[in-house]
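Across the two complexes that follow, chain A remains constant while its partner is chain B and subsequently chain C.
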Partner chain A sequence: MTSLPWGAMARLTARRALLAVPVLLAVTFGAFALAAASPFDPVKAYAGTAALGADRETLDRLRENLGVDRPFTARWWEWLTSAVGGDLGHSSVMRQPVTEVIGERLVWSVLLCAVAFAVAVLLGTVLGVLAARRPGSPLDRAVTSLSYALEAAPVFWIALLAVWLFALELDVLPAGGLTDTGSEHVTAGQLLSHLVLPAGVLAVSQLPWFTLYVRQGVGDALAEDPVRGARARGLSERTVLLGHALRSGLLPVLTLIGSRVPELITGALLVETVFSWPGIAAATVEAATAVDFPLLAALTTLATAAVLAGNLLADLLYGLTDPRVKLSEM
Partner chain B sequence: MADTTVEKADTAGPAAPTAWRGHGTARRSTHTLRLRTSAALVGVTVLAVLLVPPLVQLDQQAVDLAAKLRPPSWAHPFGTDDVGRDLLLRCVYGLRVSLLVGVVAALTATVIGTAVGATAGALGGRVDRVVMRLVDTVASVPHLLLGIFIVAMFRPGVWPVVVSVALTHWLSTARIVRAEVLSLRSRPYIDAAVSGGASRWRVAVRHLLPGVLPQAGLAAVLMIPHAMWHESALSFLGLGLPTHTASLGTLIQGARGSLLAGQWWPTLFPGLFLIIPTLAIAGLAGVWRERINPRRRSELML
Partner chain C sequence: MTTRGIPRRVRGAAVAAATAGVLAACSAPGGGGTGGGASADSVVIGVSTEPDTLSPLLGYGKDGNSKIFDGLLAREADLELKPALAKALPEVGDGGRTYTYTLRDGVKFSDGEPLTAEDVVFTYRTVLDDKTNNTAKSELDALEEVRADGDDKVVFTLKYPYAGFAARTVLPIVPEHVAGDQDPNTGSFNTEPVGTGPYVLTGWSKGEKLTFKANPDYWGGAPKVKKLTMAIIADDDVRATRLRSGDLDGAVLPPNLAATFEDDDGRKTYRATSYDFRAVTLPTGHPVTGDTAIRRALDLAVDRKAMVDKILDGAGRPAYGPLPLDDDWFAQDVARDRDLDEAGRILDDAGWKPGKDGVRAKDGRRASFTLYYPSGDKVRQDHALAYASDAKKAGIEVKVESGTWEVIEPRMKSDAVLAGFGSTGDPDFGLYTLLHSSLAGDGFNNMARYDNPAVDEALETGRRSQDPADRKAAYDDLQRALVKNPGYTFLTHIDHLYVLADRWDGPTTQTEPHEHGFASGPWWNVEDWQPKK
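On to the complex of A and B.
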């Protein structure tokens, strides 16, 4: 294998980072504009039931302290300048700074998503190749119809049924959380047993897409000339399938992996909520139900950045795996 | 003129794929089978949500605590929920709400997407670039997250949900319509219309729009299951519809308590009611896509 084109990769990354700045600016601006247009009153939310008995003056003072009397563009600019300095504000629902919330929870979300994604990619490749080997065979039909059914099924519904089956009926896996109740520290064994169900459900929700794409890619590659040539040279079926068809059929899938980040975030939002997984996706939902704007804005920005990073990863993989594509032209 | 191309595709549709694929009659029979099954399922769904509420004079909200959490039986085919309401009836009402929200949201999203895409494609140049940049920006926020954000800022209810689904789903339609308009722009009949003195507006409305409508319609139909999914996810998170207009997502959310007590039926059936229309609509849309573009191999798209 030749050495990687580090220079071209770095240039592409830098170019994308520059392009990401206006996108992130626009997204945060949009978030503040939406909040300004909403009928939600931060003062009443801050004061709670005390706002009902408070007089005009107190409320006005509160309004001034919270800074909500100024136009939203000014608040946006202030938030942005302090965000660049590392201060994302204070989360009212978690009762701690937003950066702390993200710092504590990000690792669990990344762990969950990474495990689920790896399982989905591996299992999807295996199932896709098996299905593509004999199009129209019973196995192909079973895999394809199961994939369509799973793709149509809402992930939270699968998650609930999985809880019912594995935690209640079979009683083999815990129903949620990160550790057993009553235990203070996170141990590797507990973590593993608590990770199986959420990661499995998230993987199952991502699986149909991979399976169908790999099946399509390998199926198309099997009908092409290189595979016919390999067969004509008398190579074994195994070499033809894995060495020739899978290699060229996986190319489009590999390049689309990075663009699955939005779906992964969507799945994580629902899975983490069902399994009370202490990640940032569950925090997003909590922030939304409690209308905790600083946390919600920060997490939306973070998710957007993750999507952009995923797109970059997709393009990098595309350029690295397909010699016909030049990184400098993307 | 755009009509003739559609008509041609229509006649070529059923015969052509079999000739290319060479799977012979077996392929065709599964094809018609799929079409008929999908059409039947969509028909049953639509009839159920339209006819059951006026015909069956039963109150879906009627509480009967004596009959709570009965497993599926002849009297209650889907069982009863935690306050003794019949689940089949609740599911039909829930499907009605979900389907209505889905259709309205998909139509709104399609109108927005078609307008934006056609404007960008027809005007071209700088407008096109700015608009498509905007589309890319909105697309970089995950759909459900944007929906959650919108619903959180405007309190939960039917209209915020519809708006949030519409505002997150118009992007793909805008891209499809723009690409279609760009490919139509170079056709001779557009040149003929322009040299005949037609205004930009007339070219766009009379010559470009009819050409993209089949594609936009297909996108709209495919969007209905998406919108239903989106709505039920929001409702499940407690950010969707209020409980008195229960959708399928609200039903699943409400069943979480009894699921943990071991009663699986209040969770299972609303989910099935989501999956079956989704698959049926996808099957129908696949046939439709084959008609407007017979050269593309038809795979289900969800």
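On to the complex of A and C.
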């Protein structure tokens, strides 16, 4: 293979990074506006159950101290200026600096998403190729109908089903958490057994997309001239399938990788909630219901950045694998 | 059910053991946290909520049993006050306006620094500071000033004589040398507390669990239970499942789930009675609910015993007033039976005549009002529906609706609400904020805007008098006045149920307040438990 076009890739990345600035500005502004319009009362969220027994003076004093009555535009500007300076602010609902909240949780979310994504892509590719090899075969029918069924199933429903089956009925895997409740340290073994269900569920929820795309791509490629030519030259079926059909059939899948990232994050949100996985999802839900502006804004920025990065990755891969696409034109 | 349940649990445990064998790396050192043969020096408890903060400056542990901290005073199992960081109960002077505490000798914080009077002063002054986001600051309204007198004496001066003040000093004391340099609202003390208490926090994974280890230098003696884990599991069914699987040693459970553990030999069920009442607020400003005849008729028409039996599965007691039946301050003569005929007579006499549709009316106004309950709260929903059905029998129409607190709060002035409150400690704590007319509609205080001069007077006497007999007489008067004009229909006091592995001697329960998270349950005194031989 020829060496990678580093220069073009860097230029594309830089262009996208510049474009990301207005996008992030707009998204955080939108998050502040939505949070300000939400019916949740930040004072009550802050005080928790204590608010339901508090007197007016206490509630008013908290409102004043938390500064929740200032217009959201002012709070957004304040957040933005200090965030640019590296200070992401203090999460009122977690009673922790935002950087600490994210620092503690991000790694677990990334681990969950990365494992699930890798499993979904690899398994999806394998199943797709197997299904495409003999269209209409029992295997193809089974894989395709299973994919459609899974595509239609909500991820939290799959998650609850998995908890019921593996944790309650079979009792082979833990129902939630990062480690056993009684143990203090996160050991690799425990982490692994606790990761299986959430990552598996998340992977399964993403699997049908990849399976169906690969099946379609490879199926189409098998009917094209290069494959017919390869067969005519007497190449083995294996080389034809993996070397020719899969290679050209994978192109649409690359686009899919980028566009599935937002879906993956949303899915992770639900999966983390069901499995009490201490990732950023639980923090996102709390931040939203508590109208915790700094935390919400940071998490929104993070999610937006992840989506933009996913798109960039897809474009880069596309440019590299498809000679018809020029990086400089994207 | 149970006979089938046990073998499955055993089989499940066998599978779990086999799995643990395969995934050898999975087992935690000592196997802590798994049921049956687990060691008695660690305990894992499932609770439904976690504290927002671990800083007493923002309200953590304000009613005692905070594990990490101690107050000047603490409570026995029967809620009697006993000295903790103070050497003895306070000396009360100046007609009940000064409280002087002498500190216990040789108490150290878990970081090794000694406790001084300045730490106590710092704690109270910070709580009272308007800039501190403490939600319970108003509980110390009576406090004028706190000062240190030498290294081991603290003097509290009150604005007015306040008999309940000693009970407020269970407030945990924080070290000034740690928390003093921080912003109490945002500082790291909220998540990394340092105290004098029997346990030291070792980890807090928000939303998952808190872990503690015993403080070996605890002034009350090192606890025998060396490791304490509080797992946060919001869902009742999941908590029960994890208890059954042995992941948890103990948990708080609703009555129906607690019942499934009743015949379990390895576990004991604890039933804590409580001050936690459910009541219907009857807003004074509403022409129907503000009418004394209507209030009395409702009070007589409700079938409290049926609510306890049907809604609470027997895990509760009828509430004849804000104080529970077994409280020392309860006026025995206010207990009363359901009397529909009398309810009808009262309404007839007051001019509420039966209408065509079965609903009474007076001067063209139908005896009808709306009752809200917070959505999602099954127990309150059941109470509200039972209340409406009982009221209907007396010819009063109650329209039951649900909503979030955001919906309910602006309507509290004119619509009834199925409320729940109840404080331990001193009758003044719960009653003054619930009933005093000066606090009518003040936030969630006196939600019914109840206004009764006789009750106000009794509350003042109870608050200011130092003589227990005078106080008792005042609170008796108050409870009787409440029967004559029941601005709230008190329905039930709810028992709190807990299931705990039977591996220790010493677990008991206190009578608990409405809030029963962390400090309640048989583990309120886990530091005193002894492993069973």
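We adopt the following convention: the second predicted complex is superposed on the first by the 292 of 330 C-alpha atoms of A that agree within 3 Å, B and C clash if a C-alpha of one lies under 4 Å from a C-alpha of the other, contacts with A are read in each partner's own complex, and residues count from 1 in each chain.
Note that contacts are C-beta pairs under 8 Å (C-beta built on N, C-alpha and C of every residue); 3 or more make two chains touch, one makes a residue touch a chain.
Computed from a predicted structure; not experimentally measured.
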Practice item. State whether A:84 touches chain B only (first), chain C only (second), both chains, or neither. Key: neither
Review point. Between chain B (first) and chain C (second), which does A:175 come into contact with in this model arrangement: first, second, both, or neither?
Key: both
Exercise for review: Tell me which partner A:278 touches in the superposition: chain B (first), chain C (second), both or neither.
Suggested key: second
Practice item. Pick one for A:189: touches chain B only (first), chain C only (second), both, or neither. Key: second
Check your understanding: Looking at the overlay, what does A:21 touch: chain B (first), chain C (second), both, or neither?
Key -> neither
Exercise for review: Figure out whether A:57 sits in contact with chain B (first) or chain C (second), or with both, or with neither.
Suggested key: second
Practice item. Mind working out whether A:35 is in touch with chain B, chain C, both or neither, as first, second, both or neither? Key: first
Review point. Touch check for A:65: first (chain B), second (chain C), both, or neither?
Key: second
Exercise for review: Could you tell me if A:232 is touching chain B, chain C, both of them or neither one (first, second, both, neither)?
Suggested key: neither
**Study point:** Touching both chain B and chain C, residues of chain A
**Key:** 39-40, 168, 175
Study note, to complete from the structure: In their shared complex, chain A is touched by residues of chain C numbered 12, 15-16, 19, 23-29, 32-34, 38, 42, 44, 46, 49, 52-53, 55, 58-59, 130-131, 133, 135-138, 185-186, 190-191, 202-203, 205-209, 211, 227, 229, 231, 233, 238, 241-242, 245, 247-248, 405-406, 421, 433, 439, 442-445, 514-515
Check your understanding: Which of the residues in chain B come into contact with chain A in the complex?
Key -> 23, 136-137, 140-146, 148-155, 225, 229, 232-233, 236-239, 249, 252, 255-256, 259-260, 262, 264, 267-268, 270-271, 274-275, 278-279, 282, 299-300, 302
Review point. Inside the complex, what are the residues of chain A that reach chain B?
Key: 22-23, 26-27, 31, 34-35, 37-40, 136, 148-149, 151-154, 156-157, 160-161, 163-164, 168-169, 175, 212, 216, 261-263, 265-266, 269-270, 273, 284-285, 287-289, 291, 296, 299-300, 303-304, 307-308, 311
**Study point:** chain A residues within the chain C interface of the complex
**Key:** 39-41, 44, 46-59, 61-62, 65-66, 90, 93-97, 167-168, 170-172, 174-185, 187-190, 192-193, 276, 278, 282-283, 286
